[in-house]
Amino acid sequence: MNDVIRAEDIGLTFQTADGPVHALKDVNLTVAQGDFVSFIGPSGCGKTTFLRAIAALETPTAGRLSVNGMTPDAARRARAYGYVFQAPGLYPWRTIAGNVSLPLEIMGFGRAERRQRVAHVLDLVDLAGFGGKYPWQLSGGMQQRASIARALAFDADILLMDEPFGALDEIVRDRLNEALLELWAKTGKTIAFVTHSIPEAVYLSTRIVVMSPRPGRITRIIDSPLPRNRPLDIRETAAFIALAHEVREGLREGHGHD
Amino acid sequence: MNDVIRAEDIGLTFQTADGPVHALKDVNLTVAQGDFVSFIGPSGCGKTTFLRAIAALETPTAGRLSVNGMTPDAARRARAYGYVFQAPGLYPWRTIAGNVSLPLEIMGFGRAERRQRVAHVLDLVDLAGFGGKYPWQLSGGMQQRASIARALAFDADILLMDEPFGALDEIVRDRLNEALLELWAKTGKTIAFVTHSIPEAVYLSTRIVVMSPRPGRITRIIDSPLPRNRPLDIRETAAFIALAHEVREGLREGHGHD
Amino acid sequence: MTGALAGTLPILAVWAGGWALNAWLARFDTRLTRILVAAIFGITVIVLWEMIVRIYRVPTVILPAPGQIAASFAANTAILWTDFVQTIVKGALTGWLIGAAAAILTAIAIDRSPFLQRGLLPIGNFVAALPIVGIAPILVMWFGFDWQSKAAVVVVMVFFPILVNMVAGLAATDAMQRDLMATWAAPYGASLWKLRLPAAMPFLFNGLKITTTLALIGAIVAEFFGSPTHGMGFRISTAVGRLDLPLVWAEILVAAIAGTLFYGLVALIEKKVTFWHPSQRA
Amino acid sequence: QDKDDLTLQLKWVTQAQFAGYYVAQEKGFYDEEGLNVTIRPGGPDIAPTQVLAGGGADVIVEWMPAALAAREKGLPLVNIAQPFKSSGMMLTCLKESGISDPQTDFSGKTLGVWFSGNEYPFLSWMSTLGLSTEGGPDGVTVLKQGFNVDPLLQKQAACISTMTYNEYWQVIDAGLTPDDLVTFKYSDQGVATLEDGLYTLQSTLEDEDRVDALARFVRASMKGWKYAEEHPEEAAEIVLENDETGAQTIEHQTRMASEVAKLTAGSDGTLDEADYQQTVKTLLSGGSDPVISREPEGAFTHIITDRALN
Amino acid sequence: MTEALARGPFVRALRRGAGGRTLPVLTVLLAIGIVWYVAAIGMNAQWVRDQAARSDTELSIPAFIGQTLTLDRPVLPAPHQVAAGLWDGLAGQKITSKRSLVYHGWMTLSATLAGFAMGSLAGMVLAIGIVHSRAMDQSVMPWAVASQTVPILAIAPMVIVVFASAGVTGLLPKAIIAAWLSFFPVLVGMVKGLRTPDAMQLDLMRSWSASARQVFWRLRLPSSMPYLFASLKVGVAAALVGTIVGELPAGASSGLGARLLSGSYYGQTVQIWAALFTAAALAALLVATISLIERLTLTRMGLAR
């Protein structure tokens, strides 16, 4: 069986001073090896929370969640994840290359191997030549790309990406979307991807999970009929537009007021 | 003559420790009373800088810039501008109503008048009932709307909006786009608007200014053939799609490497 | 009366002149003018001091003139040097180093235990606000009259401010930075070395800077409660008794110079170590 | 009717060492002389000479060595009266330290000394003994003694400075017996200097009104001293009432009052010139580094006491 | 059974304690207490042994320990001795009595408050000047640092004499020393605070063409509040230190510093520690008062969360 992520009746409630916040409720989802799953839904619907639960950064308060057949925490300790957060989260006291190399140091890669991998992933995100700069010397978009490179550097099986391209302009975004698909095709990684952009979700994913808030639950799971190999102009095809329409419908449904 | 903004051969160079940064070069643009001008272009191309120059927050190092026939600084002192920054920038020690009322206090409006205006603009951005809350008690999107209300409160002739809807999800964004168009139609304000989103630029503007970086210059000025009255589904019309295509072309042109 | 008035005028004139010069210089805002402005301010104050002492005939036993102080400084360099070594090098510096090291190690030790943190921090905060100099007589009683007791006073005085800052610093990593470490399954040592310690540096240096002046004060004051026959605190109290006020002020001058240099040195190291922090980039 | 204001700066904290002045104040002797006297307590690091020079006091209680040293520094102090006839200074040593003869046993030992202008008698004594105060086998190691007798109790010093009326008894109170101790009085060693005299600035003496007020002050003060000599218990109570720190005990102050009485006995306030010469001789004899370098002139006057006693 | 216990109020209180601060703080205090007792026995042992040797008596271990904890002039008094001294000083006397720690505490407190008021006011005024005038920034700031390296505490007695010569006596000289020590943290914190508004907030003000005064009152001052309070807490503690040291060797006759001195002079360690703890309580009280004002102010400003 090659289900990588299996969530059964997941619920997650935060205890806050104003009472409990139900971030997730009755979430069921299985993700197979090599899937590219996008999560889309209004702000505050629990997308980040779900990703964090998968990475064992939060613990569900109900239901069962397994990753690669183990608990998320065991998977975390087995270093199964590459996580790209909503903000770059670079360490300001390290250069860009130092940041990318940090997880490699922690995982005990040798010096030569590290150097080679860093060069490779920086090249992948178009940052070759910026390795010696410090984070604050780069624009927001470049920082975000550096943080993507960092998550790619150590070849985790599962990539968790939380709105990684939110801060980028459309052209750069297109280019990175293409690069990501290419990487995915080449490595067969399993990717969970959060976005606010319908075209982006449709363009990238094999499955699109639409969520609605209060409490966060899954309202639709849409399997993409698009082929795995997708040039950029697939976005002008009828199949693409129809899919986008379906996602928009699903979103609008979940959107009550605000 | 009713040219509100008139820029002739504007250049703006920042002196930094690493040498000069040419943020703007040879920028020529005239904006007439009641225009809705969008600025679009890759990150770092000088959009914000140009808006700031109009508002007399930066001083061009070359060329002539006039606003309502005066210098930008005179216009600033005549309180011609409502400025919405890229981030909400609310004052955390003031409630939402207090934030919106702040420019009114500074401009010496009376108490009753202030109360009435605050209520009106909060209603306009769908925040009626949230006046008593503090900024941190609101979601990012709501904060951004509050900052828009603040810029609207004192009825400046010229609205300068720097990616005001960047932090919002698509559905909310649509709703606010509509509301902005309505307000514009009703008041006849002149609006300068920065965005990263091509559909947004096309949907809102009477003119679209496409910029390219290093140094920031205008590569195309596209006058919109769309009617002033625009329902949301105008976005599915051929004219709209053609216009969007033209803007994308313009953008791609300016995009060298990175 | 008119004499006093006539004396006031040149004083005001010098003040106004110095200020006007500075106001003009400050407009340029280069590295050179910044140093110049500070220097001119200092020189103006010294000139005013000299003028006031002379014009109003302030007795030397009350306030010596800068000229007399400089003369005494030049004539007593040997004494001043011995005192400097005894009080600042042996007392303050040793104590500061020991105190800082102890505080840093303690902070790291309790960083792993939230229980200890919650227990120690309020107490640490409280002790940091205490008039610690009050225990100087006790420590002199415990550690003898030589520099060891001065160093002990300094250790106690600097320990808690540094501890509190360091603990706050170790906790000051942001959630995302910690979550990243978690997703990489970083062991404790790695997250300490690669995340917590670097992130704590701005806080640590805040504590270190505050305590430079505390260390000097502690070492000097402790000498009032018993000392060998050299040391800055000893010299100050003895010289007052002998009405040798220029010597007293020469000692004060030494303390001020040493303190400023000490502070400046720590600030310089801070700049090197925390180059990445926004406050250093401005 | 108008009274003359006078401020008296004491050499040390409020205690029976200054009983005479407090008695004169409380018994109304100053009042009777038409004086309004303010008594300022001193402290370990208050130099009365500096207070006088700064104009913070009209009269000070000071030891003669400090006064003469200040005079050489150019501060024209004048002794106007000498209520203390004898010296109460001594060095108190632990018997176990093996000191029995100052001539031979001090070298290599650590001795506690008061500074802030009180070190002169000690320095003179050491130089008459030919001992260096810079440590080493042929000298003594000097420790700046703090406020209390702990260095002796903690055995940080072999000997410490004590006054017959005060610190010596603190050592006893702390639990040591006289048998555990060896004491050396400065007067027995021939290096006695005059303590607790009244001093004022020369310029003050040029003002006839001030001279008159000072004469009345000395008269009333001596009356206070004589009263205190006869009624040590009452004097101690008066001192206690005036002690704002609330730290003194009646036992200790009563004992101090009786001991001080032994030192003031035999003085009517007039400075005995022989005592003065002895002090000056001691101070001049300081070997390479005497406390004063030449015979002082005009360092005392009898004008005030002459007037006061007639 | 255990289930019920686990849900019982006691256990819940304990848990809350462990999650909160009470329990950890109590634990640490207990540990300090134990260390203290052990230290007291150790440090007083020498004296007890010497006394026993002098009087030629043999002491049993319990008697030995008992004596180390009940000495009249201990090197380190035991906690209960200090507590007794404190109780006697605070409650055992009329508060107007010169033996009352309340009386001395008040003397110190009043000078501290006066000095703190002067110091923090000076700090704030200078900070406002520095933020508004570049000349002041460049001239004053470096010397403000230098001013703190002057060992004011060491020359406190002299300062007091100098002021006395100018006719200033009593509370004021101490207060001036306190002010000297407290102005610096307030100055630094306030400058930092007044400069916290970010460029965008300042630009907003500019786009509304607000006057300098409006920018100060409506932007700079409110945003400096958290910094101001943090530094006021440091400042008030510094003022207390200044006052005590001003009282300490300078012949002041009342106040906690004078108690410390006279306790030290007469070797009454219990009195020293009692005065020290009173000073500690005073410091805690002052800091707590400022924290309270801080919370009230920040809550009113909506800054407390």
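Residue numbering begins at 1 within each chain, and the chains themselves are lettered A, B, C, D and E in the order written.
Throughout what follows, a residue touches a chain if its C-beta (ideal position, glycine included) is under 8 Å from a C-beta of that chain, and two chains touch if they have at least 3 such contacts.
Labels paired with UniProt names: A, B = ABC transporter ATP-binding protein; C, E = ABC transporter permease.
In this text the structure is predicted, and so the values were computed from the model without any measurement.
Number of steps on the shortest path from chain A to chain D, with steps defined by chain touch: 2.
Using the contact threshold fixed earlier, the set of chains in contact with both chain C and chain E is D. The leading chain pair by number of C-beta pairs in contact is C-E.
The geometric centre of chain B is 50 Å away from that of chain C, both derived from CA atoms. Distance from the chain A centre to the chain B centre is 31 Å, each centre being the mean of its Cα atoms. The centroid of the Cα atoms in chain B and the matching centroid in chain E are 52 Å apart. Chain D and chain E, compared by their mean Cα positions, are separated by 37 Å.
Multi-chain contact residues of chain C (touching two or more other chains) are listed as 62, 137, 141, 224-225, 237, 240. Among all residues of chain B, none touch two or more other chains. Each of residues 75, 157-158, 161-162, 165, 249, 264 in chain E touches at least two other chains. Contact between chains, using the touch rule, shows up for A-B, A-C, B-E, C-D, C-E, D-E. Within the complex formed with chain B, the chain E residues making contact are 198, 200-201, 203-210, 214, 218-219, 222-223, 225, 301-303, 305. Interface of chain E with chain C (complex): residues 18, 20-21, 23-29, 32, 43, 75-76, 133-135, 137-143, 145-146, 148-155, 157-158, 161-162, 165, 233-234, 237, 240-241, 244-245, 248-249, 257, 260, 264, 269, 272, 275-276, 279-280, 283-284, 287.
Listing the residues of chain E that touch chain D in their complex gives 47, 51, 54, 72-73, 75, 97-100, 103-104, 157-158, 160-162, 164-165, 169, 249-254, 258-259, 261-268, 271. Residues of chain B that touch chain A in their complex: 41-44, 126, 139-142, 168-172, 196-198, 248, 251-252, 255, 258.
Only residues 174, 176-177, 179-187, 190, 194-195, 198, 201, 274-278, 281 of chain C touch chain A when the two sit together in their complex.
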